[in-house]
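The chains carry the letters A, B, C, D and E, assigned in the order they are written, with residues numbered from 1 in each.
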Amino acid sequence: MARFIRKSKHEIGISPDDLLFRGEKKSDKVILSIIDFDSENMEEKVISSVDEAMQYQTRDTVTWFNIDGIHDDKVMDDISKRFELDKLILADVMNTQVRPVMTEYPNCIFIALKMLQHDEKTGEINSEHLSIILTKSCLLTFQEREGDVFEPVRNRIRQQRKRIRSSGIDYLTFALIDTVIDNYIYILSLLGEKIDVLGENLIDNPKKQHIDEINNYKKELNFLRKSINPATEMILALSKTESELISDSTEIHFKELLENIKLATEASDSYREILSDQLNIYHTILSSKLNDIMKFLTVFSVIFIPLTFIAGIYGTNFDFLPELHYKYSYFIMLGVMLVLALGMLRYFKKKKWL
Amino acid sequence: MARFIRKSKHEIGISPDDLLFRGEKKSDKVILSIIDFDSENMEEKVISSVDEAMQYQTRDTVTWFNIDGIHDDKVMDDISKRFELDKLILADVMNTQVRPVMTEYPNCIFIALKMLQHDEKTGEINSEHLSIILTKSCLLTFQEREGDVFEPVRNRIRQQRKRIRSSGIDYLTFALIDTVIDNYIYILSLLGEKIDVLGENLIDNPKKQHIDEINNYKKELNFLRKSINPATEMILALSKTESELISDSTEIHFKELLENIKLATEASDSYREILSDQLNIYHTILSSKLNDIMKFLTVFSVIFIPLTFIAGIYGTNFDFLPELHYKYSYFIMLGVMLVLALGMLRYFKKKKWL
Amino acid sequence: MARFIRKSKHEIGISPDDLLFRGEKKSDKVILSIIDFDSENMEEKVISSVDEAMQYQTRDTVTWFNIDGIHDDKVMDDISKRFELDKLILADVMNTQVRPVMTEYPNCIFIALKMLQHDEKTGEINSEHLSIILTKSCLLTFQEREGDVFEPVRNRIRQQRKRIRSSGIDYLTFALIDTVIDNYIYILSLLGEKIDVLGENLIDNPKKQHIDEINNYKKELNFLRKSINPATEMILALSKTESELISDSTEIHFKELLENIKLATEASDSYREILSDQLNIYHTILSSKLNDIMKFLTVFSVIFIPLTFIAGIYGTNFDFLPELHYKYSYFIMLGVMLVLALGMLRYFKKKKWL
Amino acid sequence: MARFIRKSKHEIGISPDDLLFRGEKKSDKVILSIIDFDSENMEEKVISSVDEAMQYQTRDTVTWFNIDGIHDDKVMDDISKRFELDKLILADVMNTQVRPVMTEYPNCIFIALKMLQHDEKTGEINSEHLSIILTKSCLLTFQEREGDVFEPVRNRIRQQRKRIRSSGIDYLTFALIDTVIDNYIYILSLLGEKIDVLGENLIDNPKKQHIDEINNYKKELNFLRKSINPATEMILALSKTESELISDSTEIHFKELLENIKLATEASDSYREILSDQLNIYHTILSSKLNDIMKFLTVFSVIFIPLTFIAGIYGTNFDFLPELHYKYSYFIMLGVMLVLALGMLRYFKKKKWL
Amino acid sequence: MARFIRKSKHEIGISPDDLLFRGEKKSDKVILSIIDFDSENMEEKVISSVDEAMQYQTRDTVTWFNIDGIHDDKVMDDISKRFELDKLILADVMNTQVRPVMTEYPNCIFIALKMLQHDEKTGEINSEHLSIILTKSCLLTFQEREGDVFEPVRNRIRQQRKRIRSSGIDYLTFALIDTVIDNYIYILSLLGEKIDVLGENLIDNPKKQHIDEINNYKKELNFLRKSINPATEMILALSKTESELISDSTEIHFKELLENIKLATEASDSYREILSDQLNIYHTILSSKLNDIMKFLTVFSVIFIPLTFIAGIYGTNFDFLPELHYKYSYFIMLGVMLVLALGMLRYFKKKKWL
């Protein structure tokens, strides 16, 4: 799980438009691919250079240009020049530390967000920096490595009947962001399940490892919030933008998406509170158990202490100790001890310690 | 009690206007029913197809078209076509995970909210997804299954004198939402009662099960808040809307309703705080009891430890131990022990441990 | 002390303009009284019917029509008809669960608030639902039962020189609300005193009953906040209203009143925090005492345990136990024990346990 | 230290323009003094009546009229008439319970605030109600008693070169409020120092008196916040006012003052949090110490309990107990005991209890 | 680490435009240096007087005038006169207690902020007051002492190709502030690393020193927030200013910087919460350990207490104690003891104490 903020010493003071990759390299290759479609036709292709992408741009179709691998400054420089995008934007594409945000530029909208994906095998959450650039004729998406997160969207494009085929670039943008948010909600939903299970185990039989779990879930939740909260701001901005690049009908979709992500925010707030409560409950149950332990020890000690003391008295070696010489002394002593012990037990029962 | 957020893997990335039922199926049947009225006449009827409903729409009356069962995509598709509603809206009707919200469309207002009902027999709270679509000529309501929540409203419609009979579709909408909110407040009121009882028991005699109760009430409260808070936003939007579908006089009713639901929000905030306090109080009482237990053990131990030690000394078998041979040694020892014990008791009394 | 929210099952879904009394009945009678004045003359009278009040309304004077007892729907219906007030307003007058609020209607301003009064004898706080209706020619006030809360205002009216005599209905409204807020502040001030006393007792000598007290004061504070917070909103609305019924000069008074009630809000926030702190402090003092108890037990046990062990060794009955037969063994043993005990004591002193 | 809110029963319902002194009387005398200056001349004078002050008002100079002692209703009445101020304003001047506020009246600005001063000798904080009335031709200040808080401002006026001499009444107002805020910051700075010292002592050696200190500092901080927070609102209002009485250039000074007081607010928030943390840390250290105590007791008990038991066995008086009669039994027993004790010690070392 | 607020008694009430150094003196010298550049040429020079700087101002180049050492009122007075800056501004430059802020004056923009730098050798954070004055023809920066924080910016200026060389004074301002913020993020990132390590150690093996660490990190975080939070406000103001001194294209940079600093704010919020959680976890682990200790003691005591009691009984010296005289009594006793001990162990296993 990534830390909340990360900056190395040599990154201080560098120019904001330096095309410098900042982050952990997750892929060596750069894969360029094009999906080009309108309501009638559809073309899917892996291309070898940025130049090749340019031909689609002039067409009257929706062009989705996807770049997997964001570490190659030459490719970025090419894109900057060919698509006439400010180098500032591409510098942000290459910086995995950029906060999720939507920025309007004169000729494009730049969207940065975190793509989270739950790995079914390892149970881990993979985080990836995703950049979307929306221009008049083309949608550019940048991922850190090859992945299948957007496969459902591609499938929808491949089916001719779907709304996505007859809509524009802005609707495609919405569909992609919608998929990312769906993943957030799915991950949150899995976390919620684990927190629920923990909650039940905790009350039945609290163990030290539960503290670990609470702590880990808190971290995971914090990590999720770090993606969800700025994404909310971003979607709000998209649903209110006056840019010509986003049509009114797509803004309605963004508004609905905003309600979805609010649901996620509310759920994450609730889980946070629940985890805090669980730590408190854990602590309280520990105290409750300590009370039980101490009651047990006290009852046991308090019953035997006086009995042992009595035995100790008759274990003394005084020459003149009259009780030692009566015939039934021993049995009387045993009887007295029994009465004492029973009296104690009754007292503790009255005190509700037993 | 439902979890805060729920999403299955196959729901990721599907199109927002797919007519796909999302949730737990609560009914197999789909029941369509019509209530049509003006100040003079009133008609109630169960109908068999969406087509049948269309004839009422052209009339100059208030038409309330209720659909129980939201899982049938064919019915939804029919409604979408017949009433000229965007498929997006019907997709939301079929999605029980939609956050309570009010959205204005060009030809209608869509309202989603959670209908909570306290089951008197089991003591459980049933949650149901309720959708309301308000068009110029008709009010459509969608419930997950047949129910009697709106019976009081139907009764008011059946009585000719009531204001509802002479008012429009917007007032009917208000009356339905008002009934839903009344149920929220009723459930909150029942919960409040249980929290009050718990509070008293807790201070008198704290038991481990109380932690369970506190935890459960917190969950219940969180669940309620999940319905109440977005409903507040929704009613605020309704009380401020500039839509022609809602008249100024009905907006006043929504404003008043807003005050009612604020009452609910404030009460739920108070209960939340009280539950947190109760856990703290529970913990503090445990500590107080532990102190009592430890005082008891300490007093008892500290009194007998030196006495047993003295007896131990005179139980040694030294050849030369002068005290053993004096005639009154034994009685002197007993006397010394008594004095010691009484001194200790006095000391503890002074220390306020007794 | 009333609960935070209260709703019975049969209240769900009833019409908002039903003239139905909701609450606990506090009086059987309905008393109607009129105070009518201008800067020159003043008339005070108990009247027997709503009709009788009408004659004052046409005059050019300030008319204050007070109704004690809000359970009689016939009286309310009369008022609604005579004063041309919407039945909705009178339904709110009869509902003691209405949240404090100010609503502007075309021909009047409706104000609902809670009147709290400290009963000097029992020390309890009496809460009453107060409704004020401000029309062009008359001020109507509705109380749940006869009371003397407004006596100071009546006294000011009875004195000719006072500003109230030469001001209008709006200033009278202000004077009444001002009196209600003064009572809030007075009650809060009494509570503050009790919290201060508790705070001192707590640190000196914490007892279990203090938890009870903290808990009760918290409840009382929550109850007060439930009245104070919406009243703040209400007064803010009054100080900003553009209604013709309230003059600019009276708005200045409401602004000043707003500062007063903010003072109350801030004080109640502070008291809340203090009570939370007190519970924490209580818990911490308990822990501190437990440490003292355990130190005491440990010191005592640790000193005597080895001594008793030594005595135990020389209490064994081995045939060959050389020490038993030396002449000074016993005294040497006692000496060793003394040295051990003193050494222990010194160790504990060094450890600051003594 | 004053309580957060204070109201006596007889203050309920009195008229807001009654010239009634409310508070603790801190001075018997009323001292009237005038400072009158422009960039060239300066005059300082104690006067005996309000009338005497009027002559300065007509001049084209800056007139500062200071009144020490606010309990005399006759003086207030004179001022009200002579300076044509609403009696409401003077009633607020006489009420020490008024919340710090800035109110604009048609012919003046009224400012109420708390003047706090640290008494170097007693270490206590003296709180005083300060009212400032800013009219076109004169600045009136009202203090509860004679004091030297404004001496630095008077000194600046006495020096001809200073900006204050060539500026207007509004700059003088700023200079006075600036001095009051400087005192807030100074007091907060002293409190911060004490909290720092406490923090260090607490971790080194927590004592019960530290709870007292934390509690007292919290109270002091709450008291300060009660003055600082509304003063912030007041200064914000002054920096934004459109009143002609305050020039644009002086508004810049108020804006800068606003930054200063924000610094104070932030510092007080930080200290509050630190104090809460300190209570938590105190509690945690107590728990840590309890663990040490219990480890010590447990180690000691657990080592000696079995040894004493073994000695007990050989202290029994059975006729047939073979071990008693072997020659080296005693030494073997001692050896076994030693081995047991060493084994235990090793076990505890492994468990990190030693 | 500096305290949150600091004010000495003699600073109360002094004039806001007094050129008085307030803070700890960190340097004796005052070093004046000039960097002057346009896209073609660049000149770097240390100058000996303010006069010398004036010649650059008239040129059509970007002039950056840096002053190291802010304690010399003569230099400040010179700057005030030569650059026609209000003495108020220079007074703020000399006051290290000024809160980070951006103020627009008619002829300049004044920016105050804290420059934090991590000292790699000592691990300490050096805080310095930094003032930036942006005029039409010149950028003035004031540091408390010579330093190398801005070296990366100087290096970028020295390279001809860089954007900074072809941009104006406003972009230079951005580059400097950007560098300061980068340092904030770097320091926060280092702190985050230490908190992570602490978190792991804490759960594995909590020690008392960890409380110290938590406390210190909290203080450090509070200190950072004190710089970060007002800087956020300042950058927001810069990104929204309508001043002609800052061009639209530079405002976009400030907007991006705002996102960066928001990242820092969010991270600091998360760390704060994590530290609070860690203290709670520490406390809970202590309780968990105490439970283990007490279980151990209880099990041990409870097993041996009855055995020792039995041995005590047969250590009594009664004349008639039949069991003493049977041949196998001793072995029977040992057997009974063994059975008892095993039974106890089984009981504790069932209770899950072992």
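Assume a residue touches a chain if its C-beta (ideal position, glycine included) is under 8 Å from a C-beta of that chain, and two chains touch if they have at least 3 such contacts.
Computed from a predicted model, the values in this text were never measured in an experiment.
Student: I need the common contact partners of chain A and chain C, sorted by label.
Tutor: Touching chain A and chain C alike, sorted by label: B.
Student: Once the contact rule is applied, which chains count as partners of both chain A and chain D?
Tutor: Touches both chain A and chain D: E.
Student: Between chain E and chain D, is it the same set of residue numbers doing the touching on each side, over half shared, or a different set?
Tutor: Counting which numbers both chains contribute, under half are shared, so the two copies meet through different residues.
Student: For chain A and chain B, what's the span in angstrom between their mean Cα positions?
Tutor: Here chain A and chain B have centroids separated by 26 Å.
Student: Between chain C and chain E, what's the gap in Å when you average each chain's C-alpha atoms?
Tutor: Computed value for the inter-centroid distance: 42 Å.
Student: If you look at chain B, which of its residues touch at least two other chains?
Tutor: Each of 283, 287, 290, 294, 297, 301, 308, 312, 315-317, 321 in chain B touches at least two other chains.
Student: Given which chains touch which, is the overall layout a line, a ring, a star, complete, or other?
Tutor: Topology of the interface graph: a ring, with each chain touching two neighbours.
Student: Under the definition above, what is the set of chain B residues touching chain A in their complex?
Tutor: Within the complex, chain B contacts chain A at residues 3-9, 11-17, 88, 92, 97-99, 101, 103, 208, 211-212, 215, 218-219, 222, 226, 229-230, 279, 282-283, 286-287, 289-290, 293-294, 296-297, 300-301, 304, 307-308, 311-312, 314-317, 321, 323-330, 333-334.
Student: Can you list the chain A residues touching chain B in their complex?
Tutor: Chain A reaches chain B through residues 150-153, 156, 162-164, 175, 178-179, 182-183, 185-186, 188-189, 192-193, 196, 199, 203, 252-253, 255-256, 259-260, 262-264, 266-267, 270-271, 273-274, 277, 280-281, 283-285, 287-288, 290-291, 294-295, 297-298, 301-302, 305-306, 308-309, 312-313, 315-322, 353.
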